[in-house]
Amino acid sequence: MPEQPQIRSLKSGESFTGHLLAQEAAFKTSSKGSEYLELKLADASGDLKAFLWDIRAIEGDMEAVKADAFLKVKGRVDEYNGRLQLRLDKVRFAPDSEVGDFSQFFPVSRRPVTEMLAEMDALIASVKDPWIRKLLAALFVENAELRAAFAKAPAAKSMHHVYLGGLLEHTLSILGMAERACGHYAELNRDLVVAGVFLHDVGKTTELSYERSFGYTDQGNLVGHISTEVQWINREADRIQGFPDELRMQLVHIVLSHHGKLEFGSPVLPKTPEALLVHYLDDLDGKLEIMFRGIRDDGGDGNWTPFSRALERMVYKVRWPKAK
Amino acid sequence: MPEQPQIRSLKSGESFTGHLLAQEAAFKTSSKGSEYLELKLADASGDLKAFLWDIRAIEGDMEAVKADAFLKVKGRVDEYNGRLQLRLDKVRFAPDSEVGDFSQFFPVSRRPVTEMLAEMDALIASVKDPWIRKLLAALFVENAELRAAFAKAPAAKSMHHVYLGGLLEHTLSILGMAERACGHYAELNRDLVVAGVFLHDVGKTTELSYERSFGYTDQGNLVGHISTEVQWINREADRIQGFPDELRMQLVHIVLSHHGKLEFGSPVLPKTPEALLVHYLDDLDGKLEIMFRGIRDDGGDGNWTPFSRALERMVYKVRWPKAK
Amino acid sequence: MPEQPQIRSLKSGESFTGHLLAQEAAFKTSSKGSEYLELKLADASGDLKAFLWDIRAIEGDMEAVKADAFLKVKGRVDEYNGRLQLRLDKVRFAPDSEVGDFSQFFPVSRRPVTEMLAEMDALIASVKDPWIRKLLAALFVENAELRAAFAKAPAAKSMHHVYLGGLLEHTLSILGMAERACGHYAELNRDLVVAGVFLHDVGKTTELSYERSFGYTDQGNLVGHISTEVQWINREADRIQGFPDELRMQLVHIVLSHHGKLEFGSPVLPKTPEALLVHYLDDLDGKLEIMFRGIRDDGGDGNWTPFSRALERMVYKVRWPKAK
Amino acid sequence: MPEQPQIRSLKSGESFTGHLLAQEAAFKTSSKGSEYLELKLADASGDLKAFLWDIRAIEGDMEAVKADAFLKVKGRVDEYNGRLQLRLDKVRFAPDSEVGDFSQFFPVSRRPVTEMLAEMDALIASVKDPWIRKLLAALFVENAELRAAFAKAPAAKSMHHVYLGGLLEHTLSILGMAERACGHYAELNRDLVVAGVFLHDVGKTTELSYERSFGYTDQGNLVGHISTEVQWINREADRIQGFPDELRMQLVHIVLSHHGKLEFGSPVLPKTPEALLVHYLDDLDGKLEIMFRGIRDDGGDGNWTPFSRALERMVYKVRWPKAK
Amino acid sequence: MPEQPQIRSLKSGESFTGHLLAQEAAFKTSSKGSEYLELKLADASGDLKAFLWDIRAIEGDMEAVKADAFLKVKGRVDEYNGRLQLRLDKVRFAPDSEVGDFSQFFPVSRRPVTEMLAEMDALIASVKDPWIRKLLAALFVENAELRAAFAKAPAAKSMHHVYLGGLLEHTLSILGMAERACGHYAELNRDLVVAGVFLHDVGKTTELSYERSFGYTDQGNLVGHISTEVQWINREADRIQGFPDELRMQLVHIVLSHHGKLEFGSPVLPKTPEALLVHYLDDLDGKLEIMFRGIRDDGGDGNWTPFSRALERMVYKVRWPKAK
Amino acid sequence: MPEQPQIRSLKSGESFTGHLLAQEAAFKTSSKGSEYLELKLADASGDLKAFLWDIRAIEGDMEAVKADAFLKVKGRVDEYNGRLQLRLDKVRFAPDSEVGDFSQFFPVSRRPVTEMLAEMDALIASVKDPWIRKLLAALFVENAELRAAFAKAPAAKSMHHVYLGGLLEHTLSILGMAERACGHYAELNRDLVVAGVFLHDVGKTTELSYERSFGYTDQGNLVGHISTEVQWINREADRIQGFPDELRMQLVHIVLSHHGKLEFGSPVLPKTPEALLVHYLDDLDGKLEIMFRGIRDDGGDGNWTPFSRALERMVYKVRWPKAK
């Protein structure tokens, strides 16, 4: 796939040729009875609306032009009502093989993956408890497939850290706070906390689908990430000769209880200090990410972000002291 | 241990010598400043209060005379305020080895265990789906330890079927209704339903302690029976060569969702017809057992059972047509 | 009304002349400022969109062309975006008298009404308790108007069994399960259960309006089906010389409590085994119907039905063993 | 029954002979092994504890000495720990016939019944709507049995106006406020409101038992006062030739909805202004009665009444301006 | 600004020139690709849709043509689908200064402001308690800015009394009922109740913005009207030499608790009779206003108003006796 | 007051003479009819039961011997049923003046007050924002009365940090975590967070009474600590010339919202990152304190602490790795 300009850099009047991901695609009919194609096209830098007014200009299989497909398009950038859009001349389906590296079509973490993986490996190496270190190494270092998925998955479908690499970024951010908390509350077992944070959301790698648009897998809907994580901990602990039952039980407990309440999908409440801490830091990190992103990204005029369904509130954007 | 009369058969004025389980034990002081021992003693047929007015009559270690211990007692049956009680002359701690067969000291199912196990085996043999049959056989037939525990455990600590053998009796009762429901709703996969019922509470064998008084184990409090069951299904399915992922996922789903709501400890809602059915039949069977037992056992005069905390209501005892 | 093809059997390119029910009707304006008529037209086999681009082609009273009216239309079947639609040349209002038998314009139960009524009568005849049998006969056999309404009404406005005959079909399905349950749980009074099921929703015949689109009547909104049923039971029991107060009270209780919870509109909780059973079987039958219909009817590609508001979840469509 | 002093007027050291109601009665055993009888005895002015240390002093049938029975007792008033109690010498069961007028044994309204009935009759006579007036007269004037019960019943078992005559007093108090509200909000139909208030709790005459201690009847537990009231309205409206359906429906609606929420036992929400008003004034009157009584009756030192379970709070007793 | 006809008085075919408030404004594109402007224009008498099909006819700054701006428009009244709309020929932004008196562009109370202020002043003068009278006078009479805002603000953003002057009208209506309630329940301190009603919503003057469309201010979203009112009471009581602490505490309590429940934003429950009364009368008055307005204003055919989100129900419009 | 041994150090058989706080006091009667006095006596190190079998041995005013009074007692230490108790020979009321320093009779923080105050002052001095520093200094440094109360108050009546000095200890612990969190999340305004933590519970100094037993004051019950804090912030900000409105609003918001949910008494939800953080760290610190204290102090045998009503769960006491 040749170089192409990013959506965010486009300007009205320019022409554009390149591959884009169709997040939405709909054939509509005008009041005159003619059909047209309305698209929402995206790359990692953003998205815009696009219109093909004459659908006979579609090349190849018309059925293949649908949501979650890559399209090769040619057209001109227009400004309409203050927003850019594409007025297309040509559209055709593009097979995945033609596109190559998918990552340029999705939002990604601002932190480089290699840097995050290095931080993760250092954290695992710092664990003093041999059983915990072995368990983490088995899952996050030695299991190449899981390691790759863990580095790629978003942290959620629609709540917080919703971008590739978000799961790893979120996990590392909690770990940073967790280290600090273990420094403050001396009674906490730091290695247990570290393990709990690493494990608490790793099952999202199979709960979510994130090859194209983000969604839930069948496993995600029928089983959920928490029960998947428990399965993995048990399988791995079965393999490690002599893994202590007490430790297994406490790790499983942290994972099971980390949503904090039964009605949020945790079948048990946190009943150890470590489980309680992991729950609070996870919840706090996710909510702060939503707030900070809302304040940072919202381009609107007023003092408030739009209503956040995840937080069930709007966020106040004015920072004290006010920027000059 | 020699023969001894059952508590239910005792009459006022008789003397009694034998072993009983101390469900409660407290040293109290009278207003005159003298100490006495107040006990609640039980065998499988019932329980009664007992008093030892002179604690110097305790033989051997006084510390060992406490709740959940077996005691060898000697005394006389008294009637007080319409209730029988024991006025004791002698009390001593009795080691478990002296007692032998515990089952005569706990409430037990009215159905013989061997009959129930035979019914269970027949049901497993009737499963046509080979994967399901193998999985059930591995857990309930070939695993002797689990089979024995499954035949012994109560169904709950305090809600319904609270007696030895109650778990198996409850499971078989649901299975009876499940067969009927699969006859009525033709779209249901009967083998899947049967497996779901068998598996839905089997983890209670480790969630509950029932050697003496009934309670929760650490595993029960920290992990719970549902997650334990999921672990067992996964471990067994890992061992069966070629066990289909789709089937494993649907079985795990039935087990995970069988409490019907997140706030009741199911991390996912029932999303297949089979999961929905298992949830309803389990819930119905437990609640009907409480009602029928309440109506049958309550000796009170009025038309209502005492308030049931499990049902959050009293039950109306008058049956139509009224017994003559 | 002459023969006409069913909507489900139409093919693109065919012409169509006939009567259809307007479920929706809206006059809209195009960007060119011309008005057009957009309709949703239905018969019992389905519905489709229809457009009349020149509203001068409406014959007779334009005001009468609105939702819930029958229309005589003439036009041609078109395919648009994979869906059939009608491009109309002529539209006129058709009085009810012209249409005759309404039933061909509404979704109806798959079971023939006469068969269902026969099953109902046999069930009533099988009731051994003379008081109960008399009461059921008075309402469902001798009261011709109620009998007719009971055979015609849907079971709900939007939850389950939403089609003509749905109330009777739902009632009979629960009765089937109820017979089985009474076979399983011997303590249940079968005749009481049968009466409870018959009576539990019969008030929907006045709670719902179902001559055209389905909705609630004023009586439905202000009083509700449960209180209406209680009124009918009391009126009928007043008429039957010597009807036992105890029985009346227990029947009224089953009806009042069958929604199972106060927040679902039952002013009392089920406090007899029969009331508990009727509640569970009613709830189960309604939810299973939604699931089975969702799995059967959904034409979508994926493994999941659309989100069901009645169930507050999506339903998993993959059946084990997978169809080949 | 001869004259006897009221409990409230007793003084330490006095002897007492007379009839009292046993609200509680228990045979207990002392640490010395002797049995004694502990009673809670009441007349309309109050209650006190009583002890019979030698149960051989019971005359006649010992079984008959139990809660809800009248007893003839003889003894001496003692002060113990700041509270009066009776140290009894003799106790015997007294048949109801011996006691005569029960009303001197129960708490009663401070308002004379005849005055309240006159106020009630005047209110009914003031109703201009002939249908409503006929309906109220039929129930509250012409039905002597219901009229008597309505004048005697308490308003609740344990929440507010818990004394004989409380139902009528509570009803009249709401009616007073209702008149005022109809003067303020001119759109309200005053006669409809008056009828709604009269009818809203009249079913408590059968929901509650109040011959001895206050409790629920079987009808109260299985059907409830609201559904009973609906039955009575319907039966009476059936009898009045030409009673308008619209009016019947609106009256039934006010009664059904007057608890304001489904979870409080109203199967429908108030959907007319009159229904809304009746709900608010009923709720307000009951809660204010609890508060005023709490402030008036509480003899404690502090600024707060004891925790009220009905209000789920304590009430602040300090009145502004403070009494001097 | 010259005279201009009110929206409510317009007739199809008339031409219109004048100033209107743009409640909504959107540039849209037709299927032919041409842009047009769609507006919702309002004055105090109502609102209607308006279209400018050729956006080149906008005079001056196009960016300024947006929601909450005043526009000078010229066009012709059209009827479309039974509703009037404006087909515009010219549109331009109009600065506020050109418009003068805003009040003719917003819904206003039906009661004249001067009449309401006079009623308010008389009520304050009638307060006998000197501390309370001083406090009320300081806030509502002597503080000219607050007095003006109190006379102008709506009572809510979207629930009840949503029009200019609504806050004062709502407050006076509750005061009318409060007087009546204090007449009925003699134990109530009337002056305390009057003060509580005056103060309970006065903070809405800063919680809401109501210069253009109604909304929440930053103070409203971050602090809320209740805490603002507490601040004002405290500040004013600090200024009045010798203001009694007990009275201050009871006034603050009424204000804090008047939403009646923690989940509705009251940090404490009403714990005095006066606080309880203010809560009930406030709630009742708001809900009745919604009902009466719904019944009065709804032009629809049926017996029911549209679903009210504030009441979470539809309201029954049929009044008994039915209007002839 | 002379030296006296601490309760925790007493041994069976020793005699004891000294002052103790009566946490409970009740005159009871034995079955023989003799009165005795039962006490719960406490100093800072613990509490024990005490009995005076002959109440004539009370010197001076018997009425004064009641809960919350100091008593001078003389007696002997007894062991009963494994617990120590006092068998008293003499008891008399002791006026507060005789006792001197109260602190030896209440549980106190393990951290010395002077150390905590120094830490507090250093934190205030470290605040860079001049407005925030001034506000904190005015309240916590310059207001000697508030400073003293802040150093003495417990953090709650019954949830966490329930001992003298607990409020300050809890505040400093959150501040420690808050510093760490601001190091981790760079977008947070550290000074705003510090101020929020300082202010969030300072009103407990007037919400709680803690001179004797811990309880709520009238102000606590009617107004609550949050609204009191808002009053203090506003009063102080009014006094500081030029205090910015924006800052005042954000500080008030943090305080108002720090309980996190409306149903927990916060009238607004946290809508800034700083408010969210303060809520989470406060909640976490309180809950961890309960857990750690439960694990540390519980002397029971099992693996679980007693059920904690504050946490609505039991806490697992087994620490990984297990102590050897």
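Order of writing sets the chain letters: A, B, C, D, E and F. Residues in each chain are counted from 1.
The definition used in the following text is that a residue touches a chain if its C-beta (ideal position, glycine included) is under 8 Å from a C-beta of that chain, and two chains touch if they have at least 3 such contacts.
As the structure is a prediction and not an experimental result, all values here were calculated from the model.
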Quickly list, by label, the chains bordering both subunit A and subunit C. B, E
Interface numbering overlap (same over half, different under half) for subunit A and subunit E: different
Rounded Å distance between subunit E and subunit F, as computed from the means of their C-alpha atoms: 46
Centroid from C-alpha atoms only, then distance subunit C to subunit F, rounded to Å. What do you get? 62
By residue number and range, which residues of subunit D touch two or more other chains? 31-32, 218, 221-222, 250, 253, 271-272, 314, 316, 318
Chain pairs in touch? A-B, A-C, A-E, A-F, B-C, B-D, B-F, C-D, C-E, D-E, D-F, E-F
Residue ranges of subunit E in contact with subunit D within the complex: 129, 173, 176-177, 180-181, 183-185, 187, 189, 192, 246-247, 250, 253, 269, 271-273, 276-277, 280, 283-284, 287-288, 291-292, 295, 312-316, 318-322
Which subunit A residues qualify as touching subunit C in the complex? 26-29, 31-33, 35, 218, 221-222
For subunit C, which residues are in contact with subunit A within the complex? 30-32, 34, 36, 53, 80-81, 303-304, 314, 316, 318
Quick check on the complex: what are the subunit B residues that touch subunit A? 218-219, 221-224, 226-227, 230-231, 234-235, 238, 249-250, 252-253, 256, 262-268, 271-272
